Structure formats: C-alpha cells, structure tokens
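Have a look at these structures, which come just after this line.
In what comes next, chain A is part of two complexes: it sits with chain B in the first one and with chain C in the second one.
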Partner chain A sequence: MNPLELTLGIMTAVGGFVDISELVFAAKAGSKFGYALIWVFALATLGIIIFSEMSGRVAAVAKQPVFNLMRHRLGLKLGLLTLAASIVSNLITCAAEIGGVSLILNYLTGAPYVLMAIGMTAVFVTSIWVLPFQWIERVYGLLGLFMIVFAAALVAIRPPWNQIGGGFVPQVPAGLTNKELLTFGYFTVAIISAVMFPYEVYFYSSGGIEEGWGPKDMLTNRLTSVLGMALGSLLAISILASSAQLFGPVNVDPEIPGSAALEAAIPFGKWGLILALLGMLFAVAGAAVETCMANAYSISQFFGWVWGRHKKPWEAPRFTITWIILFLLALAIVLTGVDVMMLVEFAVLFSILVLPLTYLPLLVLAGDKTYMREYANGPIAKVLGWLYFAIITGAAIAAVPLFVLTSGGNG
Partner chain B sequence: MTPDGPIKLVSQLLDLPLLDSEGKYCGIVDDVELRGRPGQDVQLRALIVGPSAYKGRLPGWCMWLVKKVAGARETRVSMEDVRTISSVVHLKRPGPELGLNKSENAARRWLPNKGAL
Partner chain C sequence: MRIFLLSVLLLSACSKGPNADLQYIKQARSIAAEWALVNEQAELGKLTPTYVESLHRWLRDDLQTAISSLSEPNSPYGDQMKALLAEPPDTAAFALRARAESLKQIEDGLESA
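And then the complex of A and B:
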C-alpha cells in the first residue's frame, strides 16, 4: 500500500462526498430543526461506508461491478426495471448537479445561468475525454477540498458544541405539530437518500475495477471508505450546524445553494465566501461527472459492453457515446428552465426508491463464499448490511407519501 | 467451474458477463441452447448473446422497445469456446473471432481516435 496513493484516495473521497442535494438538505435541515437531524447524517454515513466497502471488496475479489451482479442476481426483468429507474434517478441527479454548478458560477461571475450550463457541460465532456480516470477523480475531488472552509467557519462562530454532540443521539424534537413531524420525517428520508445516493456505489465499485484492485487492496478499500466518507460527512454536518446557529434563530430558510456559502462569509468575509463557493463549485462539478459516469457504467455493465475510462474513449465506443448522450440529456433538462431545487427534490425522491434494489444484490454477493471466499461478509458486516437494507427499504416505502404530504418538505 | 461439468443454468450461468481471451467484455449470457430429450441428460450446446435472445424472457411490448433501442442481433457461442465459468464466463478466443463485439466496432466509427491522454 502506497501511503501517498492512500492519502490522495482518502482526500479525493472527502472532497467528493458533498453534492448539491447534501448541500441543500444540510442547510435547510439545520435552519428548520436545529441540530436534531445530525444523527441522520451520521446514520446514513455509516450506511454508505458499509455498502461502499462491500462494493469495493466485491470489485477487488469477484472483479464484478454492481450492475453485472444486479442482472445476474435479480434476473433480466427486475434487473431492467432497476436499470431504468436508476438511469432516471442518475439523470435527474446529474441535471441537478449541472444546474447547481451553473448557479454557483452565476454567483461567482455574474454570467448568465444558461450559458454557464452549456459551458460547464462542454468542460465536463472535454475533461472526461482528455484526462485519464485517476486524474478525473482527483482533479474534482481534491479541488472540492475547498469545502473545508465550512468546517473552519463552524469552529470560528463558536457553536454550542454540547448541543452539536447531542445531535448525534437519535431523536425527534419535542413539541412539533403533526405537520412539522411529517416534515421532520421527510427530511430524515431525504438525508438518507442524499448521503446514500446509488451513483456513489456504482462509481466507487467501477472505479475499483478500473484501478485494477485485487485482494491486496482490501485495506486501501476499507480506509478509503471509512475515513473518506466519515470526514466528508463531517463537512456536511458542519454546514448543518452552522445553519442551525446562524440561520435558524433569524428564520432564514436557505432555499438556494448560495445561502450555504454565507455560512463561511459571516466569520471570514469576502475570502470565506469565495472559498466556500469554489469548494461548492468543484464538489458539485465532481458529483455531476460521477453521476453521468455512473449511469454510463450501469448501462454498459448491464449489457456487457466494453466499458471504462482506463481505456481511450474510442476503445470503449458504446460506453463513450453513452456518457456523452447522458450529459446532453442532463443539459437538455436544465435548459428547459426547470428549477434546480425541484430537480434536487426529484433526484432525492427517485434515488431512495432505487436504493433497495441497488443494495440487495450487492449484499447477497458480498456474503456468497463461492465467489468471495475468505473475503465474504463476516457476522458484523452481515448484521449491519441487512439492518441498513431494512432501513432503506422503510425509507423507500415512506418517501412518496411524505413527499406528497409535505409538498417536498415545504410544509 | 469447467464447461463440461454440471452447471446450474440460472444461478451459475444465465446473465453472466462474457470476457474474451484478451480480457475484453463482449456481451452477457442472454440465453442458452440445450440438446436432449425427455428422459435423457440435457446437454448445454451454446450460449446465446444479443438482445434478440431476450425473447421469452420479457413481455412482448418490452421486446419491441428493446429491438428499437438495441437492435435484433443474436450471436451463438459454442460451449467449445468457453474456457471457465466463475463470476464471469471466460472465452478461449477473442470476441471478434466469435462474431461478438460487432456493434462495438460499428460504434467506433462515430468517434475521433485522438485527444485523450
């Protein structure tokens, strides 16, 4: 294990953890419910750590990415249904990320939103075409580390650490009306979905195969999953806690992504604002690339096409054409003028519906000793895996009714 | 697992990816061709690869959509060309020699062969 490679891998995971949905829901959750939803971030982060580690392990040992497993385990019909749902979910998420990047660039430069959307899509396509896989991952992930300014901002505003610590204990705030309880429930489901987005696992496991992981990389996989995701989650929790401290008491609803950047502007002034916007820009841009690539991986793996960005684009032509078309489709959604926040809401809703189908075959295969030999899930991974499967299934069942009853968390 | 031993068709073969002798993905086991009669052992003759082989596994309206999107190609890979079966099916020869990867090669014509590091 090369320590430099490992550190870079972990830092990339940290910088790439936060996306537009986490940004929005963390800020809104803090403003609406104070520190009471921190535990949901912690719970969902443990979930994504467990499934990422499992997908990396399966990639390293069985050399199988998620969508190959899905079709083999679920069969053609259910597999196709999952593929279709996941394409829709990832496409909406990708559109939300492109919209988010364009909004942030609009804040930074004042240039028109539509022009920024077209320009950034061109930048994404060009960068994926030109750069090797590891560079793509690292350029966006490492530049996303500007997001650390949110953690620094939280420390600078001297928050009530005991209340933040208390937020890690599972709770429902006392004294909520029925309507507020439903909204709290919706935020719980939305945060689980935003943190455990299926594209993250598709991208992570496919990336492991692209980088040629084998059983010797088991520790790298474990450390990258645990440290990268946990430290990344702390950034999201910092946004929530700053919002609880700064926005909640004055009834500010951080409805647009730019509001979160003010959390760094308040303690650090202009440079805080610029660093926060840059961090958001690269983190969300990284997520746009990951969602699009994850979609192309899924489709190519499901149909058995040559795939991967470790090959030159023309060496995996159907895969390449697929990710280019998907970027254009996501851009087309943005250009219809649909509100970015609405895209975020739908991305979260669709993703939670796909989650159980994504994680079931992974869970089954990671526990199968025929393929995984001594690397199959042990008792702790089994119990935690099935426990989280029950949690995301419950969240998927509750998602649509909560979305309808709360008008997408808006009461 | 070797191709001449007993195989559980659904759990150990159907919907597995195919890797050719050069390690390239070249399709999925979409269906299988069997030989045998009632009362006799059934023998696995070939793997069928391509969207046309979904017939019988998907509803009719779905097949119409699949044909529109993915075409109606179907390739037969004899079991003699299968090396091993594990979490993937390893083939003994390169995909193009077996008639696989035709769509991949057709798609290649749409892309410029330059510009990537």
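And then the complex of A and C:
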C-alpha cells in the first residue's frame, strides 16, 4: 500500500478535527475545565472512526455515497429536510473556515482581513479547478501536518502526564455549580458535534468513490480512518492539554482562534509561532475545501447529477457550478462582517442537529447484506454503531437548550 | 416539562442587569489576561511584531463589542471595561493582570450571589 493513499484520511481528519471550531473549542475546553474533557474527544474520535470506516466501506462495496443513501432510505421529504439542514450547516462552517483562514493570514502577514478572505476564496476555487482530487487531498492534508508542532509543544512544556491520562476516564469534575455543570454539558455536546461533523463522512465517502475504491481497498479504508482520525484527535487533545497548562491558570479563555498559536510560541519562540500559524492555515484551508466540496457532493448526489473531481470541470457542469456558487455564498457571509466566532458556534449547533439523520441511513445500509454481502457490519460494528447513534441523538436533543442556557458556553 | 423548558429559555433570553452582563465581564477578564500574556511573551522576544499587533487589534475589537453589548454600561464593571479599552497596546503585563484580577473579583461576586 502506498503511504500517500492515507492522505484522504489525513485531510479529512486534520480538516475535520483541527478546523476553526476545534481550535476554539479545544483551547476553551482546556482553559475552563482542565483535562476533564479529554474523554469526550476520545469518545467522539472512536465514533467518527466507526462511521468513517463504515462510509468508506459502503462507498467501496455498494459504490454508494452517503447522500444517495439518504434519498433512498429516508424518503424524499425527510431526505430533502436533511439535505437542506446539511447545506446550511456546511455553508456556515465553510464561511467560518474562510473567515478563520483570513484571520490566520492576518496574524501572519498583517494583510487586511477582507482582502485575505477574497484572495483565499480565489485560491480555493483555482486549486479545486486545477488540481486532480488526489493532489487536492495531498496538498491540504500534508501541509496541515505542520500542526504536529502542537503535539511537540505539549511535550516541551512538560505537562502532568498522569493528569492527562486521568482525563481519558469519563468524568464530570466535582464541585461545579449548576451553571458550570450546564456549561460542561454544552462543551461535551459541542465537542461531539465538532469531532463528528457530518461533512467529514460526506467528503470521505465521496473521496473513496473519487479514488475508485473497491473491496480490495478495505485495508486502506480501515487504516485511513483509524490513523487519520487518531492523528486529528491527538492534535486536538494536544491543544486542549496545552491550554489547560498555559491558559487556565492565568484566567485566559481563548477568545480568538489565533490564541492557540501561543501554545507553540511559549516553548519554541518565533519559529514555533510561525509553524503553528502555518499548520492552522493549511488545516483550516483544508476544512474550507472539505466543507464546500462536501456540500457540492451532497447536492449533486441527492439530485442524481454527474459529480466528482476525477472528471474535468466541464464534464460535470452542475457539480462545478454548485461548488463555485457555494464558495461565493460562503464568502458573501464573511463579507457581511459577521463575527467568525459566532459562525463557529452556529456551525457546531446546526451540525449536531443533522448528525442523527446523517448517520442513520449509513448505519442501516452498512448492515444490509443485500448490498454489502460479506462486508456488512459484524456484531461489534452493529453494537457500536447503534450505541453511537443513541449518543448523538441524545446530544442533538440537548444541544439547543444547552446553547441557550449557557449563552453558547460563555454563560 | 415542555412548559418548564420554555419558561427557562424565555427567562434566560429576557434577563437584564449584572447577571445578563456576566458573560461580557468574563469575556473582558479573559481579554485582559490574554493581552497580558501576549505582551509578556512579546517582551521575551517569542512573538513576531505582526502577530502581536494583529492580536492587539482583534482583542480590542472583541472588548469593544463586549462593552457595547452590556445592558448596564454605566456600572462599576462597565467602567472597568472601558478603562481596560483605554489602555495603550503595549501596557505592561502586570498592569493588565491587575485589571483582569479586578474583573475576576466582580465576576466571582456575581456568580456567588
């Protein structure tokens, strides 16, 4: 197996885990609750591994991307509702990522935010137009690996490893007031949502089809899901743990995405800062591309259009026009001057509402022997799949009340 | 249960005064503390001037937004937040930490009330 085949998983995971929302939520979670939310990352990581592996397997065996399944399994009305909700969720997320990239470039170069938003949208459109799918994932996935500086920074600040290890045990910190308990609940739900963003499986399963996966690629799918997502989780947990060590004790609840870069600057100085900002830039840029493509895949698959970047742009005209329009719409949202952090919060909230509807048809089809033959879910995948479905359904029900009661985790 | 939930949501959306302002006080406290951390690290030569300048600008923008969102801007905490906004970007870290500490005391007082 060519190691470069893992780049689909790396891009999906780096763009999914350490996108703009994760940079904010992981850092805030660490400063507010120390290491007590690490277990939520671990729990959600196992969930996204299970579902991304399932979506890759379905793509390889049944040759069905997620949205195709939705229309057939949920019916037209519920399918359309899911499509509409996921378009909104992905569009807001894409706008947040474009805003995030522009902010990071502003930290790096001092160039005006609005100019950077316009310039980077042009870069995204050009890169998707020009690069074949495999190069899109390689460029954004591999350059996002600069983020490893966050794991190195955590080691360099010599954190209390026993406390970090203790963070993997499910817990609710003792002595919290009712209000703090609600905030802890909100962060739990938000982290599950941010780790299991639906666009990750839309992008990953469509990517598998773009790459022409078949039953022979089961090992690639498994390795890609496990290693890619584990890497993303490691980076997110590193950001959380450094924040617990460096920000919490001095009363900093990171307010802006750029704050996370301080975690690498404190142990490594200017080079650490620059590497961290570059890693953040490419990871968030990858997420912008991922969310926009995921949206275009969803719409095209739902309506049965010709889709894919393995075709020339003019060979899939409706798909091409869709992703260009989606980028322009996301840019328009950014240009209204809306706060990026507000976009992040709404993106996370909307995504959790879409999660159960995204994963239900996938779970049903992956267990269907008519389609999947000997590759259908075994007993362990079945139990874990339904268990996670129950978890995300519970999280989706709790999300809106917790968001309101805690003022989006700030209350 | 549904009525209870709706009442809680409605009450939390309609509340005014110091309790409604608590989230902005927390935000201002965090901004002061983060500003201090940035200035301290800049003093040690660990940050680039562009990053420092950019962070100062975004933090001050956020602080301005927090002040304009207060339901009681002419309050002791409103005054503290305005005084923080009036500080020059390169204010010494210890002075900013002192401001963060004052805001933290107000925050703790409101939370325990």
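Following the convention adopted for this analysis, the second predicted complex is superposed on the first by the 394 of 411 C-alpha atoms of A that agree within 3 Å, B and C clash if a C-alpha of one lies under 4 Å from a C-alpha of the other, contacts with A are read in each partner's own complex, and residues count from 1 in each chain.
Here, contacts are C-beta pairs under 8 Å (C-beta built on N, C-alpha and C of every residue); 3 or more make two chains touch, one makes a residue touch a chain.
Predicted model only: the values in this text are computed from it and were never measured.
Visitor: After the chain A overlay, clash or fit between chain B and chain C?
Guide: Superposition result for chain B and chain C: fit.
Visitor: Taking CA centres after the superposition, what's the angle at chain A between the directions to chain B and chain C, given in steps of 10 degrees?
Guide: 130
Visitor: So, does A:G337 touch the first partner chain B, the second partner chain C, both, or neither?
Guide: neither
Visitor: Counting only touches as set out at the top, which of chain B and chain C does A:L80 meet: first, second, both, neither?
Guide: first
Visitor: Based on the superposed arrangement, let me know which partner A:L273 touches: chain B (first), chain C (second), both, or neither?
Guide: It touches chain C, and chain B stays clear.
Visitor: May I ask you to decide whether A:L262 touches chain B, chain C, both, or neither, giving the answer as first, second, both or neither?
Guide: In the superposition, A:L262 touches chain C alone.
Visitor: Would you check which partner chain A:P379 touches, where first means chain B only, second means chain C only, and both and neither mean what they say?
Guide: neither
Visitor: Applying the touch criterion given at the start, work out whether A:R71 contacts chain B, chain C, both or neither, answering first, second, both or neither.
Guide: first
Visitor: Could you tell me how near the closest CA atoms of chain B and chain C get once both structures are overlaid on the shared chain, in Å?
Guide: So the smallest C-alpha to C-alpha spacing between these two chains is 29 Å.
Visitor: Which residues of chain B touch chain A in the complex?
Guide: Chain B residues touching chain A: 14-18, 24-28, 30, 49, 54, 57-58, 62, 70, 86-88, 101, 103-105, 107-108, 110-113, 115-117.
Visitor: Help me check something: in the complex, which residues belonging to chain A touch chain B?
Guide: 62-64, 68, 71-72, 75-77, 79-80, 129-132, 135, 300-307, 312-314, 317-318, 320-321, 371
Visitor: Give every residue of chain C touching chain A within the complex, in rising order.
Guide: Chain C reaches chain A through residues 5, 8-9, 12-13, 22-23, 26-27, 29-31, 33-34, 36-38, 41, 45-48, 50-51, 53-55, 58-59, 62, 65, 97, 100, 104, 111.
Visitor: Which bits of chain A are touching chain C when the two form their complex?
Guide: Answer in residue numbers: 103, 106-110, 177, 179, 247, 250-256, 258-259, 261-262, 265-266, 269-270, 272-274, 277, 339, 401, 404-405, 407, 410-411.
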